[in-house]
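A short worksheet on the structure shown next.
Note that the chains take the letters A, B, C, D and E in the order they are written out, and that residue 1 is the start of every chain.
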Amino acid sequence: MQILNVFLVIFLIVAAIMVERTKDLLSAVIIFTSYSLMMALLWLLLRAPDVAMTEAAIGAGITTNLFVVVISRTRRTEK
Amino acid sequence: MDDLFVRITTRMILPFIQIYGLYVIIHGHLSPGGAFSGGSIFAASIVLYTLAYGLKPGQKRLPHHISSKIETGGILFFILIGLIGVALGYTFLTNQEAGFPMGEIGRVLSAGLIPVVTFALGLKVMSTVVTLFHTMMEEE
Amino acid sequence: MNLNIDLIVNNINYIGAMILFVIGLYTVLTHPNLIKKVIGLNIMETAIFLFFVSIGYVQGAVAPIVNPETGEQMFVNPLPSAMILTGIVVAISITAFALSLIVKIHAAYGTIELDEIMKIRSVELDD
Amino acid sequence: MRKIFTFIMLGGLLVVLLSSISELPPMGNGDNPSFNEISEYYIDEGVEDTHAPNLITAIITDYRAFDTLGEATVLFTGIAAVVSLIGITHHSKNKEDEEDDLHG
Amino acid sequence: MISYHFPVFILMLLLGFAVVIPLHRKPFGKSFVVKMFSVLGLAFILAFAELLVVIYGEAYSYTFGSYQGGIGIEFLVDEFSALMTLVVITLSILILAYSVKDLEHEIASSKMYSYYTLVFLMLFSIIGMIFTNDIFNLYVFVEALSITSVAIIAIKNKKDTLMASMKYLLMGAIGSVTVLMGFALIYMVTGHLNMSLIFAEINEVWEQYPINILLAMGFILTGFGIKAAIFPLHNWLPDAHSSAPTPSSALLSGLVVKAYVFSIAKMMYRVIGQEITINIGISDYILVFAVLSMVMGSLFALSQTDIKRRLAYSSVAQIGYIFLGLGLGTELGLSAALFHVISHAFMKSALFLSAGSIIYYTGNRNVRKMDGIGYKMPITMAVFTIGVLGMIGIPGTSGFMSKWYLGLAVLDGGHPELLIVILLSSFLNALYYLPVVVSAFLRETPLEMHRSSLPQSMKISMAVVGLGSVVIGFYPSMIMNIIEAAVSTFIGI
């Protein structure tokens, strides 16, 4: 239980650093989506199912959609 | 995206997503979920439809003139519900004391104003998220 | 400074939230790309939500949904969860508005890199 | 140059934050100050007051319903701001679209 | 007692009208303007009645949904918040009266409805921030305010406006996220969200978890400091306030920044309490930043040639005055700061509106090309002069009174050296404001006019704002009495 928690937090940190490093914006957004999903999982672990559900639907679903739409209308790679 | 396979799959799973979204909204006070998660799940179905069939048919599903009415209506409804409490001599947004029917614990139709407000807000969230998506998709 | 492994494991969520907060802030402050900045903002926000959820957590408790059949139970604190629900919705509003601004900026300048925009502006000022 | 400066500044902030961890109330402990009469009240009286078993919903739509009104307003503000910036294009209905509608 | 509900009625009136505006189908016109001002007029009457109720009755707390404060959300309606609400509504009526004609030339006509929607949502969130006694509720209103205040800049849709609003949005979002972190830390150790309950608990917590409170206050002050534009965190303000449409500039400088400053005052005195604020040493830091803002803001303003940018930098300096009062940590200091909140709201609105009229009429933004404008636009320049004299602190204006009170507070608080800073800043103010006025009346030169005339509505609303500033200058006790009554409850809760 606590091991899983530690593992998830480490995953989150790694994902956040990868988002920061990735030059390709689309990949960065996809990594951010997986970050959000892992965050939802962690919140489920912390006994907050409502929040986990909302984060999975809004944070991972809708936010990603909006990002992808905007990236498709602008430029895909970071300089 | 003119992929037949994507379209067929979308058509097949669309009703399930919508029913799930409605379930989450309606059972908001009994199980995890509520207006915001349910509304965005429901919105996801229309977003998916737009992605599979294109912007124009997607906008037909929820045209702007309807969505703007839903958004206005959601908040006005919330305000009116709150003012009932004031009218009956209590404060804004009073639930039990203002005499909303509380029902039996654990039933869908219980808890006074909670399911009513949740339903209105769920619709509002759905329409807002879809409108956000459609507005972003539009080309000038 | 002696590293206490128990302290770290027990408070891993606080530590994680703080590290994520700083990573997000770093992304917002240093990246010239506007979309990257918005992602960084989202990371900051989720970090704080993680912090909030961890405040409400109690070891061995269950989610705050009362089931009359199981009788007395220990529940986690429901208030932080309720606050985060609000917070998530607020976050998406800000993100959506920022993204629409980015679309407009791209239409006006043809780029979403801050340093390129600054270059364009300085050229325009000289004219 | 600016990046390095920011990096050092934020590193300093992180060190300050992390070194304060041992001073904060420990995580997951039921005796923490945040578990006071307020959260007890929600857990003990929540079902009685609102008849909703899901206490989180009870809080967001009853105890702190005004927050939720504010939150709905923020969502409305967001959409109003986006529309004010990008604008809405009204599609005129023509025959082709209506056919599409029948299929879809 | 129906008067008990007035704060909610004001809020719901504004919100209800705001959400109805987008449904209007007819093109923007007279009928909408009439509707809008009748709503605002009703809000004004309610706010005025509210003020009378609070003055002749007493401060009270309004709880939502029959739960006591702490469990539900609570509003604290005291003298100052009622007064501030009245000021917000009065100024917004005047600024919106000005805006009807002015905006036709600044934003696309299809966006007029959107603009007023956003303005009403903004008023809703400002008034909510003023009344609320719950930190998380405060956060929700702050976020609503930060979206609307960016949107009313970006709506102009010009190249530089877009960049300015992006910068403002990002800085503002960092600010609100930081504030939320601070609230999380406070909630962590107190377990309360209600300000009065936190205050009751904080002394005990302060002994047990000092680091927590220290970090929380650091986060909160940084976050609100970004939004209130105190010196090292001000760099979004000049772009945002100067490139916005004129009514937006007036609203942002006059009201929005004040709402954040008032929130800081609440956090310092109502949540953490005077004693701990001084103990931690927050007040000393605030004094340092306040002095920096006062001096540096004026110095930056000196180097600007664009009139609106000059006014925007002067806002940074004036925010410094307010922070100086807050940082003293005494009752006199607090009341001087709150007085300046109101007097600066009037003065800056007058300045921005008259500067906007100059730009509207002549199409010129450069302060060096304003020779002889005073003969062409006497009313505008008269209002501008009133604002300038107030900023410098000439006796008879509201600016003089706020500097007078601030000076008394500084002496009372045991920092006589700060008097020199106030004088220095006033001198700098004179240095960058007076040349504009002097050259405007210096010689009559033929000027090229951009437009044929200035609409009556703009002239009248501008004149009323200027007049308001003078009235406050002559009868400061009218406002000071209310503030003093509020301050004693503010500190002593």
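As a convention for this text, a contact is a pair of C-beta atoms (placed from the backbone, for glycine too) under 8 Å apart; a residue touches a chain by one contact, two chains touch by 3 or more.
The chain list, named the UniProt way, goes like this: B, D = Multicomponent Na+:H+ antiporter subunit B; C = Multisubunit sodium/proton antiporter, MrpC subunit; E = Multisubunit sodium/proton antiporter, MrpD subunit.
From a predicted model like this one, the values you see are computed outputs, not experimental measurements.
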Chain labels contacting chain A and also chain E: B, C, D
Chains touching both chain D and chain E: B, C
A-C or A-B - the one linked by more C-beta pairs in contact: A-C
Centroid spacing, where centroids are CA-atom means, of chain B and chain D in whole angstrom: 17
Gap in Å, rounded to a whole number, between the CA centres of chain E and chain C: 28
Between chain C and chain B, distance of the C-alpha-averaged centres to the nearest whole Å: 25
Per-residue overlap in chain A, given as positions that touch at least 2 other chains: 49-51, 54, 58, 62, 66, 70, 73
Shared-contact residues (touching 2 or more other chains) in chain C: 10, 12-13, 15, 19, 21, 25-26, 54-57, 61, 63-65, 68, 79-81, 85-86, 88-90, 92-94, 96-97, 99-104
Junction residues of chain D - those touching two or more other chains: 17, 24, 32, 34-35, 38-39, 42, 47, 49, 53-54, 56-58, 60, 62, 64-68, 70-71, 73-79, 81-83, 85-87
Interchain contacts (touch definition) - all pairs: A-B, A-C, A-D, B-C, B-D, B-E, C-D, C-E, D-E
Touching residues on chain E, where the partner in the complex is chain D: 15, 19, 22, 64-65, 67, 70-73, 110-111, 114-115, 117-118, 121, 124-125, 128, 136-137, 140-141, 143-144, 147-148, 150-151, 154-155, 157, 187-192, 205, 208-212, 215
Partner chain A, residues of chain D touching it in the complex: 54, 56-57
Residue numbers on chain A that touch chain B, as the complex places them: 49-50, 52-54, 56-58, 61-62, 65-66, 69-70, 73
Complex interface listing, chain C residues touching chain B: 63, 65, 68, 85, 88-89, 96, 99-100, 103, 107
For the chain B and chain C complex, residues of the former touching the latter: 30-32, 34, 36, 105-106, 125, 132, 135-136, 140
